[in-house]
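Shared between the two complexes below is chain A, which pairs with chain B and chain C, respectively.
Up next, the complex of A and B:
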């Protein structure tokens, strides 16, 4: 028998003599429950500030299912994060339109303006959940390059609009001048 | 001792120029939504890579600034000139010579095209002077 086996046997026999089974169970249960409660502590929530988003942007992420979320400052549509997708990915069964409406939003976590691409997801009927219509910096239809009432699914295979994403392209050198 | 100092001085001179370079930013915000990041466009939007077909042909230089997307972009003449110099080199494969200036861009964008598609095919067939 190897030395490790003997050592384990010794430890097990020793703990069996000293510790009752109920005591072990109660401690193990305590560790399980305590571990589950850790994220509720303020320490754990403070650590979230440093988390990195799916597209690599640091900062407090907030809730992408809410219209107030910082990336949604110029969005007009249903939030894909409420429709089976996320703020950077389309729901299953839809296709991300290659052409898109682009604007800038300020990230309150670092005070930097980011270029946001509001790619529409196309191919299924409109999602109907989490309508968000903030339109900051939008211009009327005759300024087509700054209008988001256009059906941007025009560039996709099917033109049925389902929902909108808000993907960070990169940090902007200045805020969109129309703001 | 003079060498490193000179290098540092040169670096300091070039840094502000790089920090003020808005070409890529302006491309992403004003062009890439339709022409896409790689310039390939989509079924409704022309590919910028097709600019190479017009390279060196009479009228192409003016046409590129007069197309609605460029002429109507919410950019100053100076920023549009810088963007066009960057964009032509990147997508047509050769720097515009001479480089576009703010004055030239101002003159060109104040004379809009009535039919950009027809103008393009004329330039391509080298009918326009």
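Up next, the complex of A and C:
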């Protein structure tokens, strides 16, 4: 396998694993149109890398509108931060489901593992923006509270799924099995 | 002279009539308004359901031609549940969740009954409004052998299973199955489930569909360290499940209690070190007569159990060894082609497929005949790749199959 093949393969795997599939497509579309070329410039990328975001975290891992945001390590859904809500609040007119699945994510700013509650926002249909799927510590359907496939709007008045939040519950006593 | 003049006249008349006939033939006859297609009496061996989360329906395709044959609607759940097909009853069943005011209001869940030839709704059975809803729709419903009972997983968030009798068109039981999930049909009155303590259960029904007994296996897999996925494949009362780290477990649900066998590895130690893992959504498929197991495989390492894979590894189950590796087609061009107005099979499509990274596939399904097709889809690309399941040759792509979804169902 040539170096170019390996580079391309590596790039596609990174893309597939870390980034929302739809966002990959939209970025690709942007590149085709030329509009997304500017942020790729070294200066812009360096500035983004050093910008301090949520929770004292720099770069994309500190941006709740990014799939790379550190709290999103076990999320599967549309990011409420892109839907009129935030990473801790639902968009207007929706209801936060009280029952949920949890993950354990490490905050790169303080190195502490936190239990994250991915409460779904319910009562309106799919937000449709910032789809993100990461599965650190995610477990199959029979392990209910660690499964991110389930529509967790089961505890809300209407179980229509709109988007997902990422709320800190507390510091965890141990890391994810994959860590 | 007179005779030749008559002959000439007749010839001119004949040519004129012929010209009139040709002109009349060129005009299309009036057509009947109100025609509606019907499906054949029996389902084709190469047919495929492609459920879609965003269009909220399950579309039926012919894998040989790529033609869409029809569709049935789904409710407002995240993913349509798998359509169930009874050849004996000429019926299709779909479990739908609905709300009284569109996306809000009072919830009602139904088992909707369709005529399998007209695709018209011919009846429904109301279910408890708590049928489980997941992003994949996998292993949430099942039709038991003999086509008498349908089982529907509930999640509220406690687990139970609704049992519907297709003879009486009534729900006959709600079986409490705390701590267990997914339904695996394993006989006319029996289905299995996987449980959060590393066990499996057999749920035995009475002849009328009510609960007879539940029997539990010993614990046989590590729920936290290396869990098995609920995306299993079936041959009779035997099911196979793969663990995140690639151990393949065979579980027989054919006796009183589920009987698991010792697992065997789908990956060598070297392959594991290279990052190869099972991955995707409906990541396994099984062809009974050749006893081939197909597994979506990615190189994402630990934690990549839901990532799409670019390769389909093929195993001989009795021999417990890998016999082939198929490449998943790049489905970006077939997906974008109809949206962007280019021919995915033309030059632009070929260039894009060459230049763009292959995003792989999440889900596969194989037809059960002697010339099987292997279908595959990426959950967010509305196209289905079709391979010869024996040779791995890429036969065709079916475009515009929808927008989003992880299920593929061979009826």
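Definition applied: the second predicted complex is superposed on the first by the 114 of 179 C-alpha atoms of A that agree within 3 Å, B and C clash if a C-alpha of one lies under 4 Å from a C-alpha of the other, contacts with A are read in each partner's own complex, and residues count from 1 in each chain.
As a working rule, a contact is a pair of C-beta atoms (placed from the backbone, for glycine too) under 8 Å apart; a residue touches a chain by one contact, two chains touch by 3 or more.
Note that this is a predicted model, so its numbers are computed, not measured.
Quick one: is A:177 in contact with chain B, with chain C, with both, or with neither? Answer first, second, both or neither.
both
Scan A:117 for contacts with chain B and chain C and give back first, second, both or neither.
Touch partner of A:117: chain B, not chain C.
May I ask you to decide whether A:99 touches chain B, chain C, both, or neither, giving the answer as first, second, both or neither?
After superposition on chain A, A:99 lies in contact with both partners, chain B and chain C.
For A:154 in the superposed arrangement: first (chain B), second (chain C), both or neither?
both
In the superposed model, which partner reaches more residues of chain A, chain B or chain C?
C
If you lay the two complexes on top of each other, which residues of chain A touch chain B in one and chain C in the other?
Residues 99, 143, 154-155, 177-178 of chain A touch both chain B and chain C.
Report the residues of chain B in contact with chain A in the complex, numbered from low to high.
Where chain B meets chain A, its residues are 22, 25, 28-30, 32-34, 36-37, 42-45, 69, 72-74.
Spell out the part of chain A that touches chain C in their complex, as residue ranges.
Residues 8-9, 11-13, 15-17, 21-22, 24-25, 28, 76-77, 99, 123-126, 131, 133, 135-144, 148-152, 154-155, 158-161, 177-178 of chain A touch chain C in their complex.
Can you check the complex and tell me which residues of chain C touch chain A?
Contacts found on chain C: 53-54, 76-78, 97, 99, 103-105, 107, 130, 132-136, 139, 155-157, 159, 179-182, 193-196, 223-225, 227-230, 298-300, 302-308, 356-360, 378-380.
Where on chain A does chain B make contact in their complex?
Answer in residue numbers: 98-104, 115, 117, 143, 145-146, 154-155, 169-170, 172-174, 176-178.
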